Every structure is written in structure tokens, then in C-alpha cells.
Amino acid sequence: MSVKISKYPGVGLKEEDIKGKKVLTTVWPCNLKYSWSAGVAVGRFLTELKNGKIIGRVCKKCGRILIPPRMYCEWCWKPTDEWVYVKDTGTINTYAITHLATDGVTRLKEPMPIAVIQLDVPAKLPRFFAGFLHYLGEVKPEDVKFGMKVKAVWKPPEERIGSITDIKYFKPV
Amino acid sequence: MEGKIGLERKIAVVGVGWSGFKPFTTEEYRELIFEAAVKAYEDAGGINPRKDVDGFIGVAEDLWEGISIADEYYPDQVGAVFKPENSVSADGIVGFISACMMIQSGVWDTAVVEAHSKISEVLSVNDLLLFALDPVFNRPLWNVDPKTKKPVGGHPYMFAGLEMNRYLAETGTTVEQCAKVVVKNYRNALKNPFAAYGSNLTVEDVICSKVVSHPLKELDASKFADGCVVVVLAGEEVAKKYTDTPIWVKGYGFCSETSWLECHDWGDSVYTRISGEMAYKMAGIKNPRKEVNFAEVDDTFSYKELQNLEALKIFGRGEAGKFVEENLTAIDGDFPVNPSGGSLGQGNLFCANGLQKILGVVLQLRNEAGKFQVSKAEVGLAQAWRGIPTTSGAVTILGR
Amino acid sequence: MHFPIKRRVAVVGAGMTLYRRRLQETTKEMVFHAVKMALDSAGLTIKDVDAVVGGSAPDLFDGIHMKGENVITEAGGALKPYLRNFTGGTTGVSQQINAWSIVASGLADVCISVSWEKMSPCHPHPQYAFWTIFDRIIERPLGVNLVWIFALEMNRYMHKHNIKKEDIALVAVKNKANALDHPCAQLPAKITVEDVLNSPVMCWPVQRLDISPPSDGASAVIFASEDVAKKITDTPVWVIGVGRCEDTTYWMNRDLYFPYYAYYAGQQAYSMAHIYNPRKEIDVFEIYDPFDYKELHHMEGLRLCGKGEAPKLTREGVTQRDGDMPVNPSGGLMGVGNPIAAGGGMKVCEIFWQLRKEAGKRQVKKDVTVGLAHAWGELMQGSSVLIMKV
Amino acid sequence: MSLDKISNPEAIKHWTDVIPPEYVYTVGVAGERFFREIKENGRIMGTKCSKCGCIYLPPRIYCEKCFDYIDEWVDVGLKGRVYAYTVTYLDVDGSPLDKPIIFAIIKFDGVYGGLIHRLGEVEPEKVCVGMVVEAVFKDKAERKGSINDIKYFKPSD
């Protein structure tokens, strides 16, 4: 706001004005379909998830293991060098307890713990580690702790489709 | 803008790299970008982006990727982590110009521009084109089937049909002349090893192809391709460090016409005319037909090539069709247009079309175009349009 | 960054609409309101304008593909060079870098930079659009929600420095109270720390009053070259530093407790502005605060205090409007509203008004000559910084 | 470039998904009046700039040339001329339409802008640029305050 300006434009509306059709509206249910290439790195990652394994890529220059895998090391800016399987265990780097569903309005019946899992992989650069976001299970939300050791719980092989959700959740060990 | 445009600081293209240009690629798009970036950096004398590049410009449009905030997925594969970086949602040439302006304002010496297309991933391109329309006055002309959630009510290429109809009516250009553009560009593509759609067609093939939206036929519209182009730019003082064959940016311009399709000049390419005037002025070009040797102009639809050539004042209004018929715009003609095959021959790369044009011009100016090399390549022009239903375009003029 | 910058660039006008959960105006009309006000405040007409930069975040809010093309005429860009900058949440400030470079390079003398966001068309809730910012294959199938990643970051930050929620809530209390004096504010309120701690949990540790609201709104500023600026105003506000930086896409591979992206963006801007001690040399700050902890997080990243020390400064009242280092005197996104790109744009407007001493009831107590606007966004990975001086 | 590439066709993986939000757009301040006039009075109204006299259709709350607010409303009539037209044979998904749709841009005398709409009651071969056409409205009871309250434009004298 500037003292030189006395009036600011805009007509605020309430949800009832739109739902109750007090103002005219147009609607468009967008339903855009995509089929994204998983590519070399993530394609292999998904294949291995289906096999019940977690795979990463190694950059020999900085020594990091990149998970989720990618074909280039952003830090050294060179192609990564080889594939490596890692254990499906790790620690909780950070966590949160969600009460909200994906759409941002629906509230979950049961709050669900989620966490960034730092996989048990030697860290070569400070502040970088290998891991990903996933659910936590078989643990009460209030019992989740930083640094807690966790292990992946996999879906039975016949239910796996090559997706991040082939891991049901991580549970404390 | 009297007297305001000045390229005080000379800028050179010192490296170009590309990947894809195929109807379908198996890599993830970031892997595709990495591949193009490796080539571009090698082309620029083997620079290391982590050390030698001051800034990066990304070009992306969210829904062509299926990602909101496409910029998030930009830094890693070009080497931009923790480096100055910016993104524009515009044509590749506008991204190129943004980088030029950053260099000319003095903050960067070396810049990288990247644009890509992974259009094969978008299963509902036409729905998306409708999604770009004004939601109040234009889009409701289409209905959405409540069950399938699919819009119905006419192919969105009808906007190209309208434009073509008006252009033909205003200039007296014929559909045969438009078809000739298609024939020429597909043939040029046969000479271009990285063109996706090289083909030997006849004018009859084009005219007898299926009508999409009269007067627009199926073959008048370019087909899609995946691909990525990365360009490395450098200020004069550093350019020579990287390459012996710097290609100088002589002028640039970009322009948008209107956000109201109802007010758009459907017969003329006004945005191209204004961007062209801007670029010519900056480059000190008075007679483009004589002072520019060849051009890569937008040809996502056949008539666009003619319309754009006229807007760029390379040919008089209504004359482009005639000159194309006389083979003046062939590779060995007096004024080659789209010797690379253009978007028709190489495939429509959407946001990356502009950089694809720049790539074509740079290869010619360096005499590296092989079989599609034009005989005289001192000054070349690249122009691009953002596609239906937009009214934005950009031009850049490059020279040896 | 070696070449001397030749042309000085000033901000000469600013304008904004009301920020509301739902505005009746279409995107086009909103943008016109903001641009018109900015032009009027600068005493310029559309004929004086050489180029236009638009800035707006995801197309899925407005519900228009290539939405930059949807406001060309309204932004004043008809038949002119026009481009849309888009870097997610940082757009509101990163677009100013584009606009600045258009003038600094000599291409234009006057450039409009307008940011807008109309989030209300997206149903069932604008939050839903945020699902699409996540990795298409590795994250989206988990049903990710935007609040998740902030909760994860906030928790890590709190854990690392042993910070209490009570301290973080003070930011929400301060900003919402500051917004009481902002005529455009969407959620100004007098609240207490208890109100924040008792508000519904969204994703622990984030509660409702920790979050800024989704909004509709637009804001605009005008950039001018030195010649023009000196002609039309006695108090041009000079742009003296710009910076922008992005960290890796893989946020789940980084320790989230410290915002290195803000650190590097800040460093770029400080070095351009020849600022060595930002805490002492900059007088007023508008720091991106979509969540209350983010203000603290970014204060540390921008080197205004040591790691983990920001809560202490807040508790001591240093960041209040009458404090030694006022942060978000406007009310920030927490109070004024968060129409993503326009949220950043509002921060630039506020610094402009503060430096011109036009902020009325919101004017900070200390004398101000240098101000900083900061925006942050994307997958918790990018920052842009703009430093201005009167 | 990494040397690891996909060489086995069976290793090509795709992830198919949709972007699902739905959208409800307000028609805006100018749109509100415009569509209510169509719905209730069957009139097509534009706005006029009192400074330069330019009449805008679709109506706006501002004049783009003077860059100022405008609020004078004028009836532009129901008759206009075809400025450009096209006959569309395919549907959005590329399948053939049962009956081709004729789209046209219709310009009104003395008005800047116009309307994009369908043409009806005419064979595609008979349409030409410059042809005079007239708006055909839906029955009043069926009108909802949308551009579709105009069914189509038909040839007129």
C-alpha cells in the first residue's frame, strides 16, 4: 500500500457466491493424460523394485551412490559410472505426520507418518545422502523419532508392478 | 523505441548441441537434455559448466511436460546446481534473447540456454491446445463429455484453418503454393541426417490428404518430435577462448500481439513483423532480402512459412507463394528457406522450435551443414512462433 | 560476473489488487488493475512502455495452458516484446531479474513487470494442483501433498537446532498483526501463540495457522532506465543487486535444515551490491514466508543471523516493524495472502513503498535506505533476491 | 553421455497418469454483464471507450489503447460479417465428425474484436469471407449465461 493510493481494486467472492450461482461461471474438467518415459535410470529402478531390490548409480569421481538413480552426477557434471544394489534399510532423516489427503482438503481418518529415509549407504559429500520419501508403518505416529532405524516392507512379489508403491512402507527395526 | 536498441556488447554462439529429433525417444527427458548438453559443451571447446558458465536459462511450459513448475527439474542435467539460473515460459528464441540480455546487462559472461520437447509423452495434445483458450469466451464452444471427460466439438487445428483461410483470402495465395512448402521442406529433410520426417512427396499428395479443417489438410501440419537443443553463448571478450568459429548475434526481437483471439490479425503475422523490425534495426539491416542470405522460419503449418516470410519483409505481401513455386527458396535457390527441413521435416518441437531454428542457422554459418549446406551463408535469420492458439513470436539474426 | 554493469535501473512505480481467496475478476482483469495502478503511480502512460515481463506460477492454478499468453494485452504487452518468467514460487522476484536485464541491457527504457495468480478456479482445492509439482514416477504415486514436504523440512529444522513450535508461531503472530495495516490483506488478524498451537493439524508439525492461504491477486512494478527515472521522479528506487540460485531437484537427497539456495542467491546479490554485512547494511527485509518457519529459515540462509539463531531474534522483537531489523512489515504472505507469483511481487512493491517512505501505517520506525525482497520456491530448492536502494 | 542406454525393447518403461483437477472460472466483471444481457435480453453488448471511441467485443473493463478504465455499454446488434471461416471435419481426438462444423470469426461494424462462433443453417460451400450473418439464440428458458446461449450464426441479408 502506498499512502498515495486510496483504493485498491478487486471484488472478493465467497464460496457460496460461486456454488450458489450468484455469479456466472464456466467449468472445465481437465483430464490430461500422459505417459511419461521412465528412461534409463528410473526405468531400471522400477524394474528392480519389482524384483524387491533397491538399485542406485555410482559416481566414481565424488564417490556418491545416487538413489533415486540418475545417469548423470549433477555435482561433478559427468555421467555416472555403474549400477549398485543397496540394502533396503536406513534411518529416518526427517518425518512428518500427515492428516491431509492428496487433494489438500480431505482429512485422513488415521493420521499417517511419512519420512525421508536415509538409506544405509556411505555418505561421501556432506549434506547429500541416498534415499527417498516414503510412508512409515507398524509404528504409532507419536513413537516416530529422528535417526530411527527402519526397513522396507515389500508387497508380495505377485502384487508388485514396478512402482515406488511396491514398497508398502518402512517399519522400525 | 527510437535509438534505444543497441548491441553494445557483442555476443557469440560458441556451442550448440542437440539430441533426439525423433517421433519417440526412450530416454527420460532429462537424460535427453544431458545428452544435448554434453554435445554443446564439447562443441564450445570442452567447457565445464560447473566452472566456466555464469548463468543458465531454461525454456519450458508446464503442461507440455505434465509437471507444474517444470523449472524444478532443470538444474541437475545442465550443470546449473547452485549457479544463477532463470526460466522463461516462452519460445526457445525468447530464452536465447533472455540470455543475451543477461550478458549485455553485464552480470554474465557465458550463458547456456536449453529447450526441449518430449511431446510423445502427452497423450492429449489436442485437449491441451483447447486448455490454452480463454476459458470464458472461447473454450465453452467445446463441450466436455461428463462420462469420458473428453472434450468434443471440433479439432483445435481449426484455429490454423481460420488463419489459413484469412491469409489465403487476403493475399490470393493458393493451397498449391502452401503444398509446395510442404514438399520442399520434406525433401530438404531427406538431406538432413537428424531430421525425423524426410520424405519425397508431391503437391498432389498434400492437396489430396485428409482435410482437417478446410482449407488446412493433414499434411499441411507438421508432425511432432521429441528432442532437445542446448546453446552456449558468450560475450565477445571470452568467446574467442572457446571457439575459432564464433557465430555472432547481430540482432534480435520478440513480440506478442494480443491476448484476445477476436482481435488477432488472422491474415498477417504481426508479431513476426514487429520482432523482425526490431531485429533488423539492431543488426542495421535495411534490405533483408539482400542482406540476409537464408532463413529458418516457423513452418509448423505450411502457410505459416509464407506468412512469416512476408511479415519478415523478405518477400512482398502475397508474393511468397509465387517465389516458393519458382524454387527460389530451395536449398540451391536464391534465398533458401528452412534448408534443414524446418518443423515439417524435422518435427515440431514446441518450446524448442526456436532453438532448433538457431541450430539450423548456426550449422549453415559454420559451413557444417553437409548435404543441406547453402552456398552463401554469411548472415542467417531464425524465427519461431509459439503455435496455436498464441500470437507470440521471436526473431534472431546471426552472422559470421 | 565480471563485466561492469553499465546502465543503472530504478523501480519507479508499483501497484496491486486486493488479495482474496476468490476474486470475481478474470485473470485478465486482475492483471489490468495492477498494471494500471503501477503506471499511474509512476506517472507514465502505456505509450512510454517498451517491454513487458509477466510472471506467474503453475498453469494449473488459473487453469489455462500457456497462461502467459492469456494476459498479453492487459499486461500492456500488446505489440511489444513480452515474455513470461516462471520459476515456481520464486517467480515474483526472479521475473524482476528478467525485467531488470531488459532495461540494463539497453533493450528498453521502461519495462512493466506484472505478477499474478488466480488460484481459485482449481477444484476441489488449489492444493490439488501442487500434487503435480512432484516427481512424476517416484513421488506422485505416493499421493504426495504439498504440506508434506514443508512439514518434513520444518521438522528437520526444528530438530537440528532444537527449536520449539512456540518460537516459530511468533512469526505467524507478528506477520498477521502487521497485515492489519495492509489494505489489500486477505488474512490480517490479531492472534496469539496459543491460537497457532491450537489450530487444526494439517501435517505435523504444520498447523493451519502456520500456513499462508491460497489467494487471487496481481501486483506490478515498473522498471526504468536512469534517464527516464530521473525525469519522472525525485525518489527513484535503484536496483543494486540481483541473485538467483537453485539446488538439486532431488530434495530427498539433501539435509533440509539449512537453505543453501538462499545462501548462494543472497551471496550473488550482496556481491553485486557490494554488501558485506547484510544485517548492518540492509535496513528492511521482505522475506518469503509461505509458512512461518520459512521466514526464520531464510533469515539464516540470507546470513542475517547464525544458523539456528533466527527464533531468538524474533522473540526479542528485532524483526518487528519498530525493531532493529524489520522483516515482513507488510504482513508477508502469512497475512496479506499468497497468490504464488504475486506474493513475491507484493514483497517487491512493499520494499519500494518502504524505501519511498510511502508505507503509511506500515512504515518501519528506523530510517531506511536499502531493502531486500526475497522469494523462494519450487521443490524447496530455489531462491531469488532483489536488493534496492533509494 | 552415459554409455548405458536402453537396448532391450522390453526394458522401455512408461508411467501413465492423469492430471485431474477440475476448474470453475468466474466470467469476470465485464463478462458478468455481457452474459446476463445475452441470457436475459438476447442482446450482444460491447463496451466503449469514451476517450477514443473504440468499442470492444468481447467487452472489457478497460481500453487497451488509452489503457484506462471504461464503463459505457453499447448494443452492437446481432448482425456481423464473416471475417474468416473454416470447416472442421475432425473431432478433438482426430476421429471424423458426423457433420462438419463451420467455425467463423464474426466482426461487427465499428467494433474492435468480434466473436468466434459456429455457423449454422448454411452449407459449407456457400460460406464466404464477408458474408453477413446473424446470431441465433437458444430459447430464453434454456439460456445459462454462456457463449453457448448463442446457438450459432446464420446467413442474413
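Remarks
A, B, C and D are the chain letters, set down in written order, and residue numbers restart from 1 in every chain.
As a convention for this text, a contact is a pair of C-beta atoms (placed from the backbone, for glycine too) under 8 Å apart; a residue touches a chain by one contact, two chains touch by 3 or more.
Just so it is clear, the model here is predicted, and its values are computed rather than measured.
Comparing the centres of all chains, each the average of its CA atoms, the largest separation from chain D belongs to A.
The chain pair with the larger count of C-beta pairs in contact, out of B-C and A-B, is B-C.
Chain B and chain C have CA centres that are 33 Å apart.
If each chain is reduced to the centroid of its CA atoms, chain A and chain B end up 35 Å from each other. Separating the centre of chain A from that of chain C, both taken as means of CA atoms, is a distance of 26 Å.
Rounded to a whole number, the gap between the C-alpha centres of chain B and chain D is 28 angstrom. Shared interface positions of chain C, i.e. residues touching 2 or more other chains, are given as 22-26, 28, 60, 63, 73-74, 78, 120-121, 124, 128-130, 132, 136-137, 248, 250, 260. Residue positions 11, 13, 18, 23, 26, 28-40, 42-43, 46, 70-72, 74, 79, 163 of chain A each touch two or more of the other chains. Counting only residues that touch two or more partner chains, chain D has 1-2, 5-6, 12, 15-17, 19-29, 31-32, 146. If the chains shown are joined wherever they touch, the resulting network links each chain directly to all the rest. The part of chain D that touches chain A in the complex is made up of residues 1-6, 11-27, 29, 31-32, 35-36, 145-146. On the chain B side of its complex with chain C, the touching residues are 1, 4-6, 8-9, 54, 60-63, 66-76, 80-90, 94, 98, 100-102, 104-109, 128-129, 131-136, 235, 253-260, 263, 270-271, 274-275, 278, 386, 390-392. For chain A in complex with chain B, the touching residues are 26, 28-43, 70-72, 74-77, 79.
Across the complex, chain C is touched by residues 1-5, 8-15, 17-18, 23, 28, 30, 34, 36, 38, 42, 45-46, 66-68, 70, 74, 93-105, 111, 114-116, 127-135, 141, 146, 163-165 of chain A.
Taken in their complex, chain C has these residues touching chain D: 22-26, 28-29, 32, 35-36, 39, 45-46, 60, 63, 73-74, 76, 78, 120-124, 128-129, 132, 136-137, 140.
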